[in-house]
Structures are given as structure tokens and as C-alpha cells.
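Heads up, the thing below is written out as C-alpha cells.
The first chain written gets the first letter, and so on, giving A, B and C; residue counts start at 1 in each chain.
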Amino acid sequence: MLEVNAVCKKFGGLNAVSATSLVVPKGKIVSLIGPNGAGKTTLFALISGFLKPDSGRVYFDGKDITNERPHSICRQGLVRTFQVVQPFANLSVKENIAVGAHTRLAKRADALAKATEVARLVGMEKMLQQSAGSLTIAGRKCLELARALSTEPKLLLLDEVMAGLNATEIQEIVNIINGIRDSGVTIFLIEHVMQAVMSLSDYTYVLNQGVMIADGEPREVTSNPAVIEAYLGHGAAERIAAIRTVSSRKESADA
Amino acid sequence: MSNRVRLIGWCTFLVMLSLIPLFITSGRWIDFLEMTMFVAVLGQGWNILGGYGGQYSFGNALFFGTGAYIQALLQFKFGLSPWFSLWFALAGTALVGAMVGYLSFRYGLRGSYFALITLAFAEAFHVLSRSLTAITEGGHGVQLTLNQNPDQAISTFQFNFAGDFLKAYGFYYTIFSIMLIAFCAVWLMERSRFGAQLVAVRENEDAAEALGINTFRVKMGAICFSASITAMAGVYYTQKFLFIEPGIAYGPAKSVEALFAPIVGGLGTVIGPLLGSFFIHGVGEITKEMIGHVLGNRPGVDLILFGVILVLVLAFLPRGLAGLVEDLWKRIFRGRNA
Amino acid sequence: MTIDFLGISLQSYSWQTVLGSSISGVFLGSIYALVALGLTLIYGVLHIINFAHGSLLMLAMYAVFFLWNILGLDPYLSMLIVVPGGYLFGYTLQRTIIGKASHGKDEITLLVMLGVSIVMENTALFFFTATDRSVRVPYDLDGFDLGVTYVVYPEIAALLGSLLITLVLWFFMSYTDTGKAIRAVSKERQGARLVGINVEHIFAVSFGIGTACVAAAAALLVPTYAVHPQIGYLFVLIAFTVVVLGGMGSFVGALAGGLIIGVTEQLGRLYLGESLGLITISVIFIIVLLFRPTGLFGSKSS
């Protein structure tokens, strides 16, 4: 569904993203993890057309979309959400979602009906008349998701949609996301919440300082020493391995 | 307030407005209402790009002046019928709007920078209209021939020498019809996909772009629409006063008048420009009366007041008078239509 | 050689005439630079375009005029009163009306400033009427003959004045505590707040300084220009062009921009005539806004 080929982006002297490649197969949920400042959101921006890569190409559904503008990429079925939520503050929840629905529907009445339907999917049907500016952070994240959904995407790019949510809210969103995947939408998400990454993803990529350092099934990736080092610092992998050896020796000693 | 109630309310108001001339004979009141409606149309034009689109133009005189000039020049130079030339005025001004819009939006100008460039364009046209005397008659302005034949009142679109009814109310109903057309057009826009997309662009351009909206095209549509409506006010002005010159056409006065009414009345609402225009002109007239008795008739009083009202509304009534009416309604009928 | 085009005639001139025009353009430009200095400071710190700038200039000019008219005070001496007065007026205006009404939103600030400028302009119109007021000083027609052009003392004073004020401002910003606080706020508003700088106070101080600059410019302008309520509007567009050309927030830019605009305007007037010459300003403005909105010396603002 999505193929990113050796994409690079520099900001001044900083290599935000260096020769990064990845593949998101159709119908799967793929996650992108990595420490803060690794370049994950930049990568999303490059894929969805908000930034132009200095080199490399992005292919969506077989087509080269590298230099297209975000709105035309959206129309082709690739939609992104924003890490810092961007609601249409003065509009109601229903009107917000309807904006997305208008991507495919021309008539106002149709768009508003679709908005109600999508709101039900994400559990917001009671909040339709509320102004978006008055929602809690969880509500706004949900709205962001609903808006993207209403454009009838083939591929959804979710940028830290669970940041700031509590455990219950996270579980709800995980269910919703699974539901979205079951309906045929491919999902590519950036996440820090590890439980969600583990339970949702079929495949994981790890980005650190603009370079892809690992990829694979979530379980193997998270025990990859390079990945641990990226998050916890140099030497952390060894220390963790040492602790594990000590505790397993203790277990066998006690046994 | 439910949509139906709102609609009935404003329709009643408009019906009243259309029937007023039959009950009032004072020329002064008719003039007052004509001017109020004229500014309402000017304001509605600004409202499309500013209120709904969130792009504040400080140079809408550009559209007013171009509409007025095209209307005047086509009659003056080529003897075209005013009913014919007005289409050129609207189209020509829309084209000017497209040019300004293309340059501004293609280069990503927003906020203060957009306001500045609209100012620059208005001023540029001001200078051009004064200097290109071969085209625009320069500082002399364009004076249209007065039609004194009552039978030709309608064909020349001049009512000063028409039969009794047209003479008294011709221009009143002209501006009333223009206002009706403009307001209906905006009402329809509000309920269309274009309207929803325009408002989305105002609220958050990046999010709108991410949701498939071609923000450039939407903004272009808005500025052309805004230009045409403002041009309609220009056409009316030319027909009513039969004279246009660079200062009136492109001077800052019209640019400023255009934004007062929608801001005071309520940005991004259909009725805002009319409410705002009524309020500020009403207050202006009353003030002029009172001050006039005390200090004699001196220019500037009403504008001081307009400026003060503007600042007060911005400080305390962000949603304008329309917003105030909504809030009061909710308070009176609390719980009824939550 | 003359070309006639749509009612304008273009002809070529001798190099002496062109040089003469350019020199008077430099002097004119220094006045523009002075007016623009206050504007660029206000933008640099508050990140707003002060649409009331022209009206402030106009009020200051009236102040200078009345000090001369009623007290017989020489315009250059009146700077001692008008500049501090301008500072206080600007400080109060920002602290009370503008700051409060804007709710911190830039789009609203734009409109509030417009409203304020309309009130100021029409108050002047109401109280002072539209009659031109001129100040006559005994030396306003004396000056130097440079051969290609004649330079009068007020023009020289204006040039020296703007250079001096730019220097003072630069010194103030670089070496005083307040100046450093201002630079801090202009670079990073929230961060400055966190280290204990009273941001609202600094905003008002900056606005006050900007107004004080404009007051100084007014005193330097009055010997040459007649005062009337619309004079602010005349200068404001030029001041904006200078600031955008020179770069928002840059003093050097304001100076450079002012001089460039001054010379361009004079040459434009020479070749295109008195009225069409003014279009050079709008054209430069539009071109800079489109192709290099950060101007010659400005830094990229977010």
C-alpha cells in the first residue's frame, strides 16, 4: 500500500531524516516508534505531502506521490492526523467531521449524515452539537480520528493519537483502531504507548535520529539491544542483560 | 435558537424593510436606510473573505472602485446600457480579485501580510486611476450624463427624473434588491460544501489541507465572490451619484467602511453586516443630532464613534451583535432548544 | 527625448538632474527611515503591524505645531517635550487599550489598531479641522547649494536626526537591561516570562519607544510638511513599505529601506510625474511582500 524509498530531509545542518525506507502492506497495522526527536513526525509530513523530501520517493498504492500536495494525496486515500491536535475550534463536532466527509460527498445533507455515522463509530454520537474547542484532550483526539475517517481513507497515518490519554481511553481507542483495520483500512501509526504498539501492530519500524535502526515483529524489536540503547542510553542494553542474567541465576539457585 | 426561528425572524425583518417606504415619506429616512443597506452590501462582500474565510482585507476599496469605474466608463466612453455594463463591472472586478488572490495566496500571504498587500493594491489602483488620464479621466473623475426623460428612467438606470414612485423609491428598491441577492447568495454559500470548506480554512488551514481541501482554490473562490459582491455596491454608487473619481473609488474610506459592519454585526454570519450597519449608522445619526445641537455640524464625529464601537466590540463582543442576540435568546428561552 | 503613454510623458534627463533628485531622495528617505524605526521596533517585539502608526505621527505633528503656535517653541526644541510625551502616550495606549482589547490574538490586534487609528484621526479632524497647519521657522529656507540641488537645513537636520536616533536605539538595545529584556521578549516570549521578565510591561515599553521615535520624526518633519488629519495615512503606507523592504525588526533595515524608498520615490517622481511616481512605492511593496517578505535584513519569523 505504502512504499517509502530512501527519503531524506535536511533542515539547515540537521539531518532530520536520512535515507529512510519502509513498506506498509495493505490491510495491516504498522507502527513507527523511536525516542522523541527521532524524526517520526517529519517522516509523516514527508509522506503526506506537507514537506518535500530532498531526495527519495514515496509510493502510494503503486503511484508516485512524492511531490503532490496534501489535499490531493488525501483525495487519493492517504490521510494523516496531527500530533498536536488541530480541531476547527469554533465549529461543532458534527461540523468538524462533516468537513472530512465533504472530500467524497458534495451535498451538505449527505456530509452531515455521514458525520453522524462516523461519530457513532468512534463513540462521539452524544457530543455532536458540542463545540470542538470545548472538548477534552481525549475528545479532541477522537475527533481528529473521526475527521480523518470520514474522508474514507485507504491508509490512515495516526500521529501519537494516544498521547495524553488514560488507560481506559487507550483501551477504547485500541478497540476502535482494530475495528477500523477490520473494515479494510490500512493503518500506519506513530506511538509511544508500548502496550498499544504491542497489541495492535503486525510490524514495527524503529527510527532514531533520522535513521531506521531496526524493524520486525514488535516483540523482537523491543528486545533488540540497539533499540533499547536508543531509548535508554548507551550501555543500557548490557545493564539490562546483566540484570536478567542475575535474576535468572537467582531463580535457578532458589529452585 | 433553532434554525427555523432564526429564519422566520430575519425574513420578517426583511419584509418590513421592503415595505417601509410605503409608510414613510421623509426623504431623510429613505436616505438613511439606503445608505445603511449600501454599507451592508459592502460589508457582506468583506464578510465573505474576512468573516467566513478569515482573511482580513484592508483594501476592499479596490473592488468597490473597480466596479464603480467599469460601470461608469463603459457608459461614458462607449454609451453602453447600464444594464449591460454592470455584468462587465462584476466580471472585471472578479478578475481583479483573482489577480490579487493569485499573487497573495500563491505566495502564502496570511494575516497582517495579507492585509498589507490588499492595502498596497488599493493604493496602487488609486494612483493609477489618477494618472492614466486617457483611460480614467484622471483626477477630474467620470461624470455621467443626467437623464431627464422620465420614459428612459429604467433604461438608463437613473431615477432622478422618473415618475413619482420611481423618483422617490427607485434607488431604495435597487439597493434593497442588491442586498437581497447578496445576502441570499451568502446564505446559500453557508449551506454548501464550499462554505464548509471555506470555514475550515479559516479555522485551521493545515488541518483543512490534510482533509483534502484545496485551500488555494477555496481562497481564490472566496476572494472572487467577495470582489463581485463589493462590485455590486460600486455599480449602485455609480448609478445613484453619476460621478466617480479616484479618491472616492479607491480611497481608504470604503475599505474601512467595508469591515466595520460585519465585525460589529457578527463575523461569519449572514445577517451580521446588516445588523452592524444599522447599529453603527443609527448610533452615528443620533450622535450627530446630539452633538450638532451643542457644537454645530463638524465632520469626524460619527467616525470617532465608529472607531470606539469597533474597539469595544472587539474587546467585549467577539461574536458581534448577532452573537449577542443568540446569547440573549438562549438566556430567555433556556432549556427549550438546548 | 519624450515618449507619451496613456497621458503620461516619459523623458530622459541629464545626469545632474538625476543626481540632484537622488540626493533629495536620500534626505527624504532619512525621514521615512525615522518613521519606520518605531514601526520596526514594535513589530520586532510585539509581532504586530502597528496600523495606528500613521495616526500617532499625525498627533505628534499637531503637538509640535501647537507648541510652536501657542508657546512659540522651536520644533527641534519641542522634541524635549514631545518625545517623552510620545513615550508615555504609547506606553499607556498599549497597556490599557490595545493590550486589553486584543485578548492576545494577532488578528484582533490588527483590527483594534485600525479602530484606534480611526478614533485618533477623526478626533483630530473634529477638534483641529482639515485646514493645513504650517510652522514657519526663520531658517526653513536656508541651506546649502550643492550645484545639482539645494539642500535646506531642515532636511539636513532630518538626516542627522535619524542617524543619531538609530545609533541611540542600537546602543540602548545592546547595552541596557531594558534593551536586553526587550530583545529577550522579541525572541522568545514565554521563555522571557519564565525568567521573570514582565512581558506586558516590556510590550508597553516597546510601544512607548516606538511612539517616541515617531514623535521625534514628527518634530523633524513639521518644518517641511504642513499638518492635517490625513497626513498620517500618507506616511503609513510608505513606512510599511520601508519596514517590509528593510526587514521587520531590523534598525539597519529601516535605515537602508528608508533611503532606498526615498531615492526611488524621487526618481519615480522625476521620470513618471508627480502623481504616477508614487506608484513605485506600491510596486516595491508588492514585489517585496511576494518574493522576499523577510526583507533585506530581517530574520525569518515563524
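FYI, a contact is a pair of C-beta atoms (placed from the backbone, for glycine too) under 8 Å apart; a residue touches a chain by one contact, two chains touch by 3 or more.
Here the structure is a predicted model, which is why all the values come from computation and not from measurement.
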Of B-C and A-B, whichever chain pair has more C-beta contact pairs: B-C
Most widely separated chain from chain A, with each centre as the mean of CA atoms: C
Innermost chain, where centres are averages of C-alpha coordinates: B
Chain A-chain C separation of Cα centroids, rounded to whole Å: 50
Chain centre separation in whole Å, for chain C relative to chain B (CA means): 32
Centre distance in Å when chain A and chain B are each reduced to the mean of their C-alpha atoms: 46
Residues of chain B touching chain A in the complex: 191-193, 196-197, 199-200, 203-204, 206-215
Chain B-touching residues of chain C, taken from the complex the two chains share: 6-8, 48-49, 51, 97, 100-103, 106-108, 110-112, 114-119, 121-126, 129-130, 229, 233, 237, 240-241, 244, 272-273, 275-276, 278-279, 281-283, 285-286, 289-291, 293
In the complex with chain C, residue positions of chain B that touch it: 54, 56, 58, 103, 107, 109, 111-113, 115-117, 119-121, 123-124, 127-128, 130-135, 138-139, 252, 256, 259, 263, 298-301, 303-304, 306-308, 310-311, 314-315, 318
Interfacial residue positions of chain A with respect to chain B in the complex: 48, 50, 69-72, 74-75, 79-82, 86-91, 95, 98-100, 102-103, 105-108, 111, 147-148, 151
